[in-house]
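Dropping the structures in below, format is structure tokens.
Common to both upcoming complexes is subunit A, partnered first by subunit B, then by subunit C.
Right, the complex of A and B next:
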């Protein structure tokens, strides 16, 4: 009995062949673990940052520059910025894996990683500028 | 991209209505998804008004009543009617469960019944599970041991080793969990889904099995295993009260354990 509504069959590969696919990629643990480890590390770092923002509320520009020039603050800020953007790209990659399929998957991931990398680098350079140049600018301003 | 809308030929229309017999006092309305591959039409939802005094307490009783007495074209799978065969898995009142274990009185308002979500439909409430079965086959759900069994006895386990399998051997492979999982909807071609991963962990955890490493190798993949986003729909929907999410979590722990 032929069925006039039956569409043309394009895939006759067996279900088992499709289920096995190209095999296991032998990766995934590192990404999964890095996502969780960076999330845990960001909890105290973010808490510290929120406290500092409240403490600096209403402070003048030179006061904030002086704060940013302290090695401890600069170290904490660099950790926060780098880990935040590292965690961001790990998480966004998961969203892309979920929702972008086919040929768009690879370029979408590359574009996302490029944007996150540039944003993270911008944050890093900003913190470094404050850390390395802040004190000298303070001197110039004082002199 | 992922599909957020139903394809044109899957949008559901309004179907026929079968009113309750005159004199019925305890009437409940069932709205049931209908689709046949034979006529080329879109799916519809048919409405059946059922006199609950004439049937047993479960949703499956209502379906059998419809098929026997009202509309013999209604197509669904069922066999054991006691929650051990997994045949009558379907989406009832928005939740994947077994029609034979779901009491009608637990459902408020009309009872909507659809096939398991996001699977190809063969007819009415019968989904095509070939892909899911093939995924189960791909993890080789059988004992693999290089040590010969004792010539005069079965392979033995301690009481504690046997207890490790509790909560897993009870799985009846109804695929309520896999078809409730958004990750499985979006990436079901590569993500194995909770039912298959529960089965995989059942063999990893079995003290008589000697291929845990090979099994973990086969699962270590960004999508096969790690497409699990711990949404937990699987555990919430399981009609047998099992916890596939915990099994998946254990596999992830073991993957990590062998790396560090």
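Right, the complex of A and C next:
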């Protein structure tokens, strides 16, 4: 700033507010970290799911319904569905950030998030229906 | 300036003076390396695995709906074409899993040297193909055995 020949930016803001605007937003690694954390969680969940696929291969609907009515299976399945679609949304956002530029970037991200959110919710409701259907049938039989 | 496109490569240094920004050569300039295929394949496998998971929701929702819907899904899973799609889903999931584990290792500071990355690439391909074949054959075998037992 001492050299008048070098161009520099003149601002009417205090140095503190300028520094705040320029500095870290404190969330720089949040997306990256969420992607890794969900990936780590999906490692054991995927292993569990492979075992379940071997148990359910060729199973009939009543057998699957019986399997889904067990609280442990429903809990693991819910975790798997929610984390899978959460991780999907994080990953697809990176792809959109890389390849979609300009005005289309924001709507593309929002559309992708909407679709993935609905898919994840659909899976969640399906798992819950399997999990809770057994108990309601028991109640009807008892009443 | 020989090319109008050069105008897009004019940048500013932090002291305000103008400079030419470096241009990176396009993809076809580089010699093909396995690691560059494995990198983009991981991204493609992630998208394919996500698409497969969306289709996989049909299975769990049909099971929640009832026997009628479930038999429709069984028609797809019993069809060779449907089984090919399922095998493709398995391949995408397994490769995304293997490449993801490599990424987690790299993030922790392991196997991140050029030599190590080049060594691990073919191993990742072998593990992916082997695991996928074992999974597909195993699941298909169990499913066939179980339906035969039911029929008899």
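Simple rule for what comes next: the second predicted complex is superposed on the first by the 107 of 143 C-alpha atoms of A that agree within 3 Å, B and C clash if a C-alpha of one lies under 4 Å from a C-alpha of the other, contacts with A are read in each partner's own complex, and residues count from 1 in each chain.
In the analysis below, a residue touches a chain if its C-beta (ideal position, glycine included) is under 8 Å from a C-beta of that chain, and two chains touch if they have at least 3 such contacts.
Just so it is clear, the structure is predicted and the values come from calculations on it, not from any experiment.
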item	value
Residues of subunit A touched, compared between subunit B and subunit C (which is higher)	C
Which superposed partner A:15 touches (first subunit B, second subunit C, both, neither)	first
Touching partner for A:77 - first (subunit B), second (subunit C), both, neither	second
Subunit B versus subunit C as contact partner of A:97, first or second or both or neither	first
Touching partner for A:29 - first (subunit B), second (subunit C), both, neither	first
Intersection of the subunit A residues that touch subunit B with those that touch subunit C	6
Residues on subunit B engaged by subunit A in the complex (per definition of touch)	1-2, 37-40, 130-131, 133-135, 137-138, 183, 186-187, 189-190, 217-227, 229, 252, 255-256, 259
Of all residues in subunit A, those that touch subunit C in their complex	6-8, 36, 39-40, 43, 46, 50, 53-54, 57-62, 64-65, 68, 77, 81, 84-85, 88, 91-92, 95, 116, 119, 122-123, 125-127, 129-130, 133
Residues on subunit A engaged by subunit B in the complex (per definition of touch)	3-6, 14-16, 18-21, 23-33, 94, 97-101, 104
Of subunit C, residues touching subunit A in the complex	15-16, 43, 46-47, 50, 53-54, 57, 60-64, 66-67, 70-71, 93, 97, 100-101, 103-104, 107, 135, 138-140, 142-147, 150
